[in-house]
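In the two complexes that follow, subunit A is the common piece, with subunit B as its partner first and subunit C second.
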Partner chain A sequence: MLGRTLREVSAALKQGQVTPTELCQRCLSLIKKTKFLNAYITVSEEVALKQAAESEKRYKKGHSLGDLDGIPVAVKDNFSTAGIETTCASNMLKGYVPPYNATVVQKLLDQGALLMGKTNLDEFAMGSGSTDGIFGPVKNPWSYSKQYREKRKQKSHGENEDSNWLITGGSSGGSAAAVSAFTCFAALGSDTGGSTRNPAAHCGVVGLKPSYGLVSRHGLIPLVNSMDVPGILTRCVDDAAIVLGILAGHDPKDSTTIQDPVKPFALPTLTDVSKLCIGIPKEYLTPELSSEVQSLWSKAANLFESEGAKVIEVSLPHTSYSIVCYHVLCTSEVASNMARFDGLEYGHRCDIDVSTEAMYAATRREGFNDVVRGRILSGNFFLLKENYENYFVKAQKVRRLIARDFVNVFNSGVDVLLTPTTLSEAIPHTEFIREDNRTRSAQDDLFTQAVNMAGLPAVSVPMALSSQGLPVGLQFIGRAFCDQQLLTVAKWFEKRVQFPVIQLQELMDDCSSIFENEKLASVSLK
Partner chain B sequence: MWVRAVWLGLRASAGGRRGFSSKADPQGSRRVTAELIEHLERLALVDFGSQEAVARLEKAIAFADRLRAVDTDGVEPMESVLEDRCLYLRSDNVVEGNCAEELLQNSHRVVEEYFVAPPGNISWPKLDEKEPFSHR
Partner chain C sequence: MATPVLRWCCLGRRCVFAGIGGGSRRGRGVPTGSTSSEKRGQSSVAQQPLITAQKPRKGEREWAAVVGLEIHAQIASNSKLFSGSQVDFAAPPNSLVSFFDASLPGTLPVLNRRCVEAAVMTGLALDCHINRRSLFDRKHYFYADLPAGYQITQQRLPIAVNGRLAYSICVGKRRSQMVTRTAGVKQIQLEQDSGKSLHDSLRSQTLIDLNRAGVGLLEVVLEPDMSCGEEAAAAVRELQLILQALGTSQANMAEGQLRVDANISVHHPGEPLGIRTEVKNLNSARFLAKAIDCEIQRQISELENGGKILNETRSFDYKLGCTVPMRDKEGKQDYRFMPEPNLPPLLLYDSRSLPIGTDPQQVIDIDRIRERLPELPRVTREKLVQQYGMLPEHSFALLNEVGLLEFFQNVIKETRAEPKKVTSWVLNTLLGFLKQQNLAVSESPVTPSALAELLDLLDRKAISSSAAKQVFEELWRSKGKTPAQMVAEKKLELMQDAEALEQLCRSTLEAHPQVVTDVKKGNPRAINKLIGLVRRATLGRADPTAIKEVLERQLSS
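On to the complex of A and B.
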């Protein structure tokens, strides 16, 4: 049951084949078994069971709230959840219990979803590995998959199997791992420079970044206000569309959400791609791109072409500057956003009482890790009077050029762009930490962050396993507010490539009873 | 703890005022001066904490300098991707609030309905007047 799609489980719940409480308990038990992944910071067991009981009552009466009623979900720990600790994996907010729910969390709860817990991330969502939070790094479930282990056994024997575990990517690594390991059906992440798509690609799940302005950011602890977007992680594109349908829409509490009416949509099943034009940005073919990812990218392009789509090479000339531009804008906005953490109204507070400034400084030193402090200081540098024009305003101008590049490409008739999501498959943690956070972010965000600067929707879809048995995902980028079209194309692609299910055999042996029940009469989908 | 030793060591050797300094960068000019460090620490109310952090800032600046190569003549800065739309404004009516108690609960130091702060009229000490902080 845990391996089914949202629609299938929802139908099963309606037909009484499984109850929300059973579903909840299975997920909770799996969360306990996969604790070593460190995907969850807080597991809200009591809350989830209570929600499950309420959902069950609704199903008994035949009044389910919708497709998400009774479905376990997880939320990244930088979304405010009323009554549940929200830490952003930082000492600054350790013990902080928000008095309100983020709008997207509220929308999920209003639909009856069961909140399993808050997932792990890089501190304040700064990073591309989910390794820099105070609760420790998140381990990629694929490190323990049969597919990966078999390939490793061929290479080396007798090595300690756990010492070389792989990163999930970041910063929404906890959410990606939670979905990948079947502990929930959907998870919320946040995407500022690729933080949802990057771990999605490394963990073999679908990672959707909606258009900026489509989904409310109210309650999402902000990193870069002009680029942040709540992200959605699921095991298939259809599920992501269902969740997007629920989360999208104007929010009076977030004035950067557009006012156009948004209705939940069912994704059409595309059969004819002959009218589709796929763009391949040539600047994305960089020397750092691994040959395996490159060949999968080619294969995908050929797939579309062979089925009748028009596949053309396009140019995004300012691509090479996008990382630098992002670096300046991100650190500048971070410097501003992190200024709210002074220890007075919430969060950590140090013991110094000499003066306000001394207290603020000590609180912030104790509360933030090096990465966050580094970004704040860099940001303050770029915002100094003497630097403002040359760095910050300059970066804003370059941002316009980058956004324009995309507009030009889409105006020339391209419907969707196809690019890699990451440079390679997930790497071992020991290798990842050889470079510092900023360097890694600069490297890993290459294909993903230009999208954030232009505010476009993008989705990472797992395509195939690498020669090491690890997932590789490809990214589709759509026109602003054409999320439905984007997901339609992604769904077509997903169906064609048939990405394999992760085989977590050792874990599943314990849960074998769950899978024996799979042989029940097939679920009928109305 | 080693960071504190480094900090103290630097203070001792530099005679107090110049806590951290950067080596001259390839272009010859000293970018990250001690004054700049002090200035940034004061503005951000976050300290560098180590020579490594200063080096990281230098790298960040060098990285950002690559922007100079882009020709942005006649290009307007872009603040938001939604610049073509009107910002939504709520009507100026009070619809929620009255949650003082809830909000006060999250603070460490509260007296009646006030958040308590240390005195604000004491200025941030200069580098050589500061007590070395204890690091985690």
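On to the complex of A and C.
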């Protein structure tokens, strides 16, 4: 049951094959079993069971609230959840219990979803590995998969397997791991430069970054307001569409959401791709790209072409400036957004009380890690009167050029762009931490980051396993607010590639009872 | 004024404006000090009067002062600029604080329509250009009562620009002449108010009240077109009246709804502007002019003694009667301005640009606000002058007191007395009594109807004006009685018996032969003495003109 997709389990709930409470308990039990993954910061067991009981009552009365009623979900710990600690994996917010729900969280709860807990991340979502939070790194469930272990055995060098676990990518690594390890059916991430798509690719799940302005950011603790979007992590594209249908729409509490009404939608099944034009941006073929990912990318392009789609090479000439431009804009907004953490109204406060200024300084030094403090420092530098024109304003101009690149390509008739999501498959933690957070973020956001500059929708879909037995995801980028079209193409692709299901039997030996008499793999996830 | 006055002076009656029509005109749009590198707008009509109270002694040169103002007016609105919290001056501390006001992470600003309308209306009233597109910015500084660490304001592209504020001041020997001056309105911007810090020095702690945090403010920036405290005070007063007439701000200085910062510099005419200082928090109407003049005085003394003016922020210490540097704002502040990313550009429309089919709740139509503009104080005053032949200064006085104009108009409605008489009674007698007892117009024991009736009696010559004063005093003391009752009670009717008056005049002439001789010698004042004597004999109940008539007839016969 846990291996099913959201849509399947929703059908099972409706048919009474399983009750919300049973489902909830199974997930809770699996969360405990997989605790070592460190995917969750807070497990909201009591809340989830209470919600499950209420959901069960509704099912018994025969009026469930919809597709999400009774479905276990997880939420990244940078979304405000009423009554549930929200830490951003930072000392600054350790112990902070918000009095309100983020709009997206509220929407999930209004649909009867069960909140299993808050997932791990890089501190304040600043990172690409889910390794830099105060609660420690998230471990990629694929590290423990049969697929990966078998490959490793073949070329076993006698390394200590346990110390060689893989990173999930990030910053929404906890959410990606939670979905990948079957502890929930959908999870919320956030995506500022690729933070949803990157871990989705590394964990073999679908990661959707909706168009900027389609989904409310109210209650999402910001990284870069002008680029942040709540992300959706699921096991298949259809599930992402279901969740997006529920989350999308105008929120009076977020003035940057679009006013046009958005209706929930079911994705059509595309049978004919001959009218599609797929663009392959040539700038994305970088030397850093692993040959394996590159070849899968070509294979995907060929797949479209062989089915009759028009596949053309396109140019996004300003791509190479994206990372440096992002660095300026991101750190500037970070410097501004982090100014509120002064220890006065909420969050950490130091013991020093010589003066207000001394209290601020010590509170912020104790509360933020080096990455956050580093970004605040650079951001404030870029915003100084004498630097503003040379850095911030220039970066904004470059941002416009980057956005225009995409507009030009889409105006030329391209429907969807196809690119890699990451340079390579997930790498071991020991290897990842050889470089610092800044270097890693710059490398890992390469393919995902420009999309945020332009506010476009993009989705990472797992395609195949690498030679090491690890998932590789590819990214589709769509026109602004054409999220549905984007997902339709992604769904077609997903069906064609038949990405294998993660095999975690060994890991879950103890929970064999849970999986007994159940096909772990669902129809669409063979 | 006890302060030693150098050659500069602009206080009280000694204020002399020598620049009018002279060669030293400068356009507005000149910054108040040389530290400002901004280039400002076109030149205009405003004059830069020189202050030359006394003729400079040989070898000494005149000084000119330049004053610009930044005025913060709290917008009269039920809720705050970006949150739904109520606005209430007197609420218990921290009782009106939304999650956004406390800057809880993840909260976002949502612009209050009412505040935008207030800004547009104020902009229109001040002849501003209303920007169809304006932007919000973050201004960063760490302060305990600024929870987000930044204030949302409109630094780059404010909602209204390039307006003018006409105000009047009294000039002339007896300060009886009103002169209208104009200060340019550089811009009007919407911004958030901060909270309040309460310093408890005893326990060395600071308490924060966030009720005010996030309340909508209109920052009105006046060009440095003023040259002394009196002008600045008059401009602020006029702005206050306009805001109150519009209802966009209660603009009560005592409640902090109107706060003024002044940029001040001095220079020798014809030379570049001096370094400016900023005097912050001029929050009392009483001290506004004084504080500015003191700062001008200080700068002149400083320069004359070979000192330098620092580009600094100062505050007015009303106990010491001088400005002092502000300690907490020491050092250069870099506000690290940045566009507010959570608020899209604020778009305004007019009837021509309004997109078809838009929900009127979602857009603001400038033309509709223009239609709703109430009469401005300037127009009200002009009407008073035209309609009642009133002196301009009287029209100012009528508008200067809350409710006084309404009182006046109610009296006018009910009485047959001349408007001039009504004006005089309202401005001299009524206002005098109110001021003496520190009462508001609404608290006056004498109602408009009672005053109207009293003035009718006077108009009919039923009572003399001195009797009328007496009746007024009685009315003031004992409510509930009508003037007619009072006149009857006190027997204050004017003497109508002509024969009795003849008799009284005759006996007065007989009793004072010396004065009669004086009259006959041609001393014009002597007759007045006689009139006074007769009036006293009638207990003030006879009309002086009637007495004069009778006396003159009897003297010449």
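By definition in this document, the second predicted complex is superposed on the first by the 514 of 526 C-alpha atoms of A that agree within 3 Å, B and C clash if a C-alpha of one lies under 4 Å from a C-alpha of the other, contacts with A are read in each partner's own complex, and residues count from 1 in each chain.
The rule we apply is simple: a residue touches a chain if its C-beta (ideal position, glycine included) is under 8 Å from a C-beta of that chain, and two chains touch if they have at least 3 such contacts.
What you see is a predicted model; the values in this text were computed from it and never measured.
With both structures placed on the common chain, the touch criterion links A:C482 to neither subunit B nor subunit C.
After overlaying the two complexes on the shared chain, residue contacts for A:P99 are found with subunit B and with subunit C alike.
When the two structures are aligned on the shared chain, A:Y346 is found in touch with subunit B and with subunit C. Using the contact criterion defined above for the overlaid structures, shared-chain residue A:S255 touches subunit B and also reaches subunit C. When the two structures are aligned on the shared chain, A:S80 is found in touch with subunit C, with no touch to subunit B. Of the two partner chains placed around the shared chain by superposition, neither subunit B nor subunit C is touched by A:I134.
Residue by residue along subunit A, subunit B and subunit C are tallied for touches, and B comes out ahead.
Looking at the shared chain after the overlay, A:Y360 reaches both subunit B and subunit C. Contacts of A:L65 after superposition on the shared chain: neither subunit B nor subunit C is touched. Of the two partner chains, subunit B is the only one that A:A403 touches; subunit C does not reach it. Once both structures are placed on chain A, subunit A residues 96, 99, 226, 252, 255-256, 259, 335, 342, 344-346, 353, 356-357, 360, 380, 384 are touched by subunit B and, in the other complex, by subunit C.
Every residue of subunit B that touches subunit A in the complex is listed here, in rising order: 36, 39-41, 43-49, 53, 56-57, 59-61, 63-64, 66-70, 72, 75-82, 85, 87-90, 99, 102-103, 105-109, 115, 117-125, 133, 136. Interface residues of subunit A facing subunit C in the complex, by the touch rule stated above, are 79-80, 86, 88, 93, 96, 98-100, 102, 217-222, 224-226, 252-256, 259, 332-333, 335-336, 338-342, 344-346, 353, 356-357, 360, 380, 383-385, 388, 392.
Listed in rising order, the residues of subunit A touching subunit B in the complex are 96-97, 99, 212-213, 226, 250, 252, 255-259, 318, 321, 324-325, 327-328, 331, 335, 342-347, 349, 352-362, 364-366, 368, 370, 373-374, 376-378, 380-382, 384, 390-391, 393-401, 403, 436, 438, 442, 453-455, 480.
Contact residues on subunit C toward subunit A in their complex (touch as defined above): 99, 102-111, 138, 140, 142, 144, 147-150, 205-206, 208, 334, 336-338, 341-344, 362.
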